[in-house]
C-alpha cells in the first residue's frame, strides 16, 4: 500500500475580517471532511491560498491542523514560495511540528530550467528530510514538469509522489505508465473533474478542492472509480460539474477559492474572507452562491 | 525636479558559496557605481534576485545598502513577493531603516484582476506610508499593468512612479503621454537597450542591469539622450548591445543575473554565487565571460 | 444511431518528390485502414497537412478519396483555411463530389471573437448545405471553442458534431454533459492517447492519426472502451504511447505528420514527402523510425 | 538609395455589402494617399485583410492597384497564406502583373521551425524571382523571426528587406545594428506608434495603417524623424495616439481594420464592409467613430 492515497482535499484557509485565521471555523471544516471519509488533508495549496498567506499564518496553520487532525489522516503541508530559503524554513517547521509530508511547487517568481528544477527538488528534500510530493502547477509557476522530468525527480531521496494540476491528461497517462507501479510513489490528479479518468487509469488519488463543500461526493467518486463501477461514475460526474458552477460566480483568477469559501460560509462552517488584498463576495455574488447551493441540496445531503 | 530620475541600477546581490551576502564585495559594487555617477540604487529587483532571497538576507541587504550609501543617492528597496503580508512587512522594515522608496511588482503566484491590483497597490502604500514605485514585470508576475491601469494607480497616495519592464514601447509612449507631466511621478524604462528611445521621448530615467558592469556607459547614454545628442546616442547604443552578449552565455531564465554576476566577479569586484538552488558558471561559461569582457575593454575603460 | 462514429483517422497525404499526390500509395493507405475496420476517413486535417496543400491538390484529394472509398465508409473533408471564401469554395467542391461531411476549424490567420465564430460556422453551413463538424484546434487557429460556444453552435442548421483536439479533458467532459445525448450530434476526441478516457465517458469516436500506421490498434481500443472492458483498455493504452514515440523523432511542430509519413513509407505503403517547403527525414531520422517500427512489430501484426 | 523607403501604408481593402471590391472607393483611397506624399503602397497586409480575402479578390486587387497607381510609387503585394503553394501562385501573379515586390509572412496554420522558415523564404523567392520583404508578424503566424534569423535570411537572393510588426523594439534595434547598413535591404517598422523611435534609430520607413485615414500625419512624422527634428516629433506623436483611439471602438482582434474602414467610409472615401463573415459597425459604434473623427478634425486638415 502506498503512503498517500485517496481523496486529499486542498483545505481552504478560513480568515476573518482582520485576515486572522478563523480557528474555530477551520476546525469545523476539517472535522466535517474527516467525518465524511477523506483520506488526508493538504494545507497551503493553491486553493488554500498557501503562497499568499505570509509566514506567520503559514506556521499557525501547520500547528492548528496537526492539533485538530491528531493523526487520524496524513497531513501534507504546502511549502511553495518565491524563495527557496523560505520553502526550506517552512518545510523544517512542518517537519518539527509533525506533518506527514510536504508538497512543493517550483518557485513562482522566476521560471527555472529543467536542470535547476532538479536541483531545487533535490536540495529541498535534503534540507527537509521528509516525504515530498512534487506539485506540477504551471499556470501559477510558469514551470511545466514533464513526465520525463518527474520520472527523473522520482529517483531522488524523499520524493514520494506527484500532484499534477496541469490538466494535461495526455501527459498524466504517460506519468502513470512511467511511475504507476513504483513503490511508494503516489500519483495524484489535481483538477477534480478529471478524477474518474485518473483513478480508472490507475492514479492513487485526487486533490479535490470541491471536497471542502461536498467531501462525500468525492469520496464516493473515488470508491466508484476504484471499483470500476461505471454506472456510479457516470452518475457522479455531472454532480461534480454541477458543484463547479461555484467557480464561475466571479471571473477573477482566484474564483475557485473565493467561490468555495463563500459556499462553506453559507453552509455555516467558517468565515470566508480571502487573503489580503482580495475582497469577499458582494451581496449579489453571495446570493448567486446561495442559489447554487440550494440547487445542489440533494447532493449535499450525501454529507454527514 | 522629480524625486527619482536618472540611472538607477538594479543592484546585483553578491553571495558567497554558503549563500551569505558578500558584504565587502557588495560595498565595492555600490561604491564603483556611485563613483561613476549613477543617480540612485534599486536593491532586490529581478536582477538582484530579490523575491528569491528569503526574508533574512532581504533585511540584511536593506541595512547594508543604507550603511554604505549614506544618503549620497536615493535607495529604493524591492518588496515583491508571493504574499501581500510579506511585502508589507518588508516595506515597513525598509521604511524604518531609512530607505527612500519601495518598488513593488504585483504578487507573483496568482494573477490578480485589475480591480484587485488597485487594492494591492493602495493597501501596500497605506501600510508602508512611503514613496512607492509600481513595477510592471509581466514576464515574472503574469500581470500586465496597462497604461490605463497605471494612470488610475498614479492617483493613489504615495504612488510616486513606475518602472516598466514589459518591453512594450507602444504602451510606454502611451504612459508618457498620460503621465509624463504629472508632478512627482517618475517614469523609468526597464529594458536597458530601450533607454535612448525612452529618454528621447521624455522618460525620467532607466533601471539598467548592465550598469553593474559598466555604470559609465549608461550614465553617458542618459546624458546624451537628455541632451538629444543623436550622434552620441547612436555611438553608445551598439556598446550596450555589445555588453548584452553577457546575457546569452547560458539560456536559462536567470541568464541576465548570472551573466552579470560572473562578469563583476571577473572584474574583481565581488563573489558571484546565484541564489540557491541555482549554480555559478562552470569553467567553459566563465571563459566565455572573460572573452567578452576582453572584447569590451575599451568600453569598460570609461569607468573609474 | 449517430451519423458519424467510431475511428475516423485523419488521413496522411502521401506526396512524391515533386510534391504531387502519390495516388497509388494513397489508395494502399486507405485500403489498409478500411480492411482493418476503421469507420470513416477524414482527409485534409492537420495531420493530412490540409490547409498547407493548396487548392489544386485539395480538390484532387477529394476526388481520389471518393473514387477509392466507394461509399464503404463516410468521407469527411477538411476545409480549414485562412480565408472564409476559400473554405466555402472547397466545401462546395466536396459536396458536389459526394463527400459525406466537411470539417472546419476557424480561420487560421486572424483570431475571431466568439460572435464572429458563430457567424463563421453559420455562414459556412449555409453556403455548403451539408453536414459540418466543428474542429476545435486552438494550437493552430488561436481560437479556443469553449463548451458553451460549441453548445450554441450545435443549434445551427447542418452542424453535426465536433472534433475536439484541444487536449482539454475538463472541457471535453463538459461538452459531453451538454451535448452527449443530442440527436445526430457526434463528439470526437482528437488526441489519440485520450481515446479511452473519451469513449468511456460517452464520446462517439476518435480521430486518431496513429491509425495511419496501426489502424487495428485504435479499432480494438474503440471496441474495448465501448464495452467498458477495462482489462483490454489498460493493455492497449501503453501500445498507443509506444506508437507515439514516432512523433518525437524530430522536434519541429509538424513532427507528428512527418513521423507518421516516414513510418508508412517504411511499411511499404506510400511515398513520404511532406508538403513544401518542409523536407523528408534524413538518414539518421529514418533509421530511428525503422528501429521504432521493429520494436512495435508485435503490435503491427494486429493489422491485416 | 534603397529601393523601398518612407511611408508605405498597408492599404485597406474596401468591400461593398456583397463583399465585392469597391473599385471606385479603392481608387479614391489610393489617390488621396498618393496626393499626400506616401512613398509606396502595400496591399493585402493584415490591415488589408489580405490572407482572408480569397484568391479571386486577391488577384483583382493586384490588377486594380497597378492600374490606379501607374508606377507613381512602388506597389508591394502581400502573399501570406496558410499554404506555400498558394503563396507561390499569388507571387507569380503579382510579378506578371507588374508589382514591384512581394511581402510574405510565414505560413499561418502550422508553426515552422527556424530551419523550415529558411526553406520557406528561400523557395518562395526562387519561385517568385522578384524582390521579397520578410514580414515578421508573430501574433498572426505564431512564428517569431529573430534578428539572427532575419540576418541569415537577408543573405538569400531576392530578399530585399523586412517589415517588423512584432512590436519588440529591443530586437528591432538589434536588427538595425545587424542590417541597417546592408545595401538594398530595407527595414520597416510595423506598429505605427513606434515610427519615431524606429526612424530616429535608422529604419528606412514605416508601414502605417493609420495613413489610410490621415496620410499627411505619417508623412510629416517620417520627415520630422529623418531630420531629427525632436520638437516636431514630440508634437506629432500624440496625434498618432489620438488617431489610434479608432482601434478601440470594438475589442475584437480585427478592431484596427474595422475602425479604419469605418473612418474612411465616414470621410466619404469608400465602402467599409469587412471580409466575410465579419460585420460592419453598428450604429452606436459608427457614432463613436464619427465623434473621434470630429475630435481630430484639426489633424485631418493636414491632408489634401
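Order of writing sets the chain letters: A, B, C and D. Residues in each chain are counted from 1.
Note that contacts are C-beta pairs under 8 Å (C-beta built on N, C-alpha and C of every residue); 3 or more make two chains touch, one makes a residue touch a chain.
Quantities reported herein were computed from a predicted structural model and do not represent experimental measurements.
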Target chain D, source chain A, minimum contact steps: 2
Copy pair chain A, chain B: interface residue numbering same or different (half cut): same
Centre-to-centre distance between chain D and chain C (centres being mean Cα positions), rounded to whole Å: 36
Between chain B and chain C, centroid-to-centroid distance (C-alpha), Å: 50
Contacts with two or more other chains, residues of chain B listed in rising order: none
Graph class of chain-chain contacts, one of line, ring, star, complete, other: ring
Every chain pair in contact, whichever chains are involved: A-B, A-C, B-D, C-D
Interface residues, chain B side, partner chain D - complex: 167-170, 173-174, 177, 191, 193-194, 196-197, 200-202, 228, 230, 234, 237-238, 241
Complex interface listing, chain C residues touching chain D: 19, 46, 51-57, 80-86, 89, 107-113, 115-116, 119-120, 122-124, 140-142, 251-254, 275-279
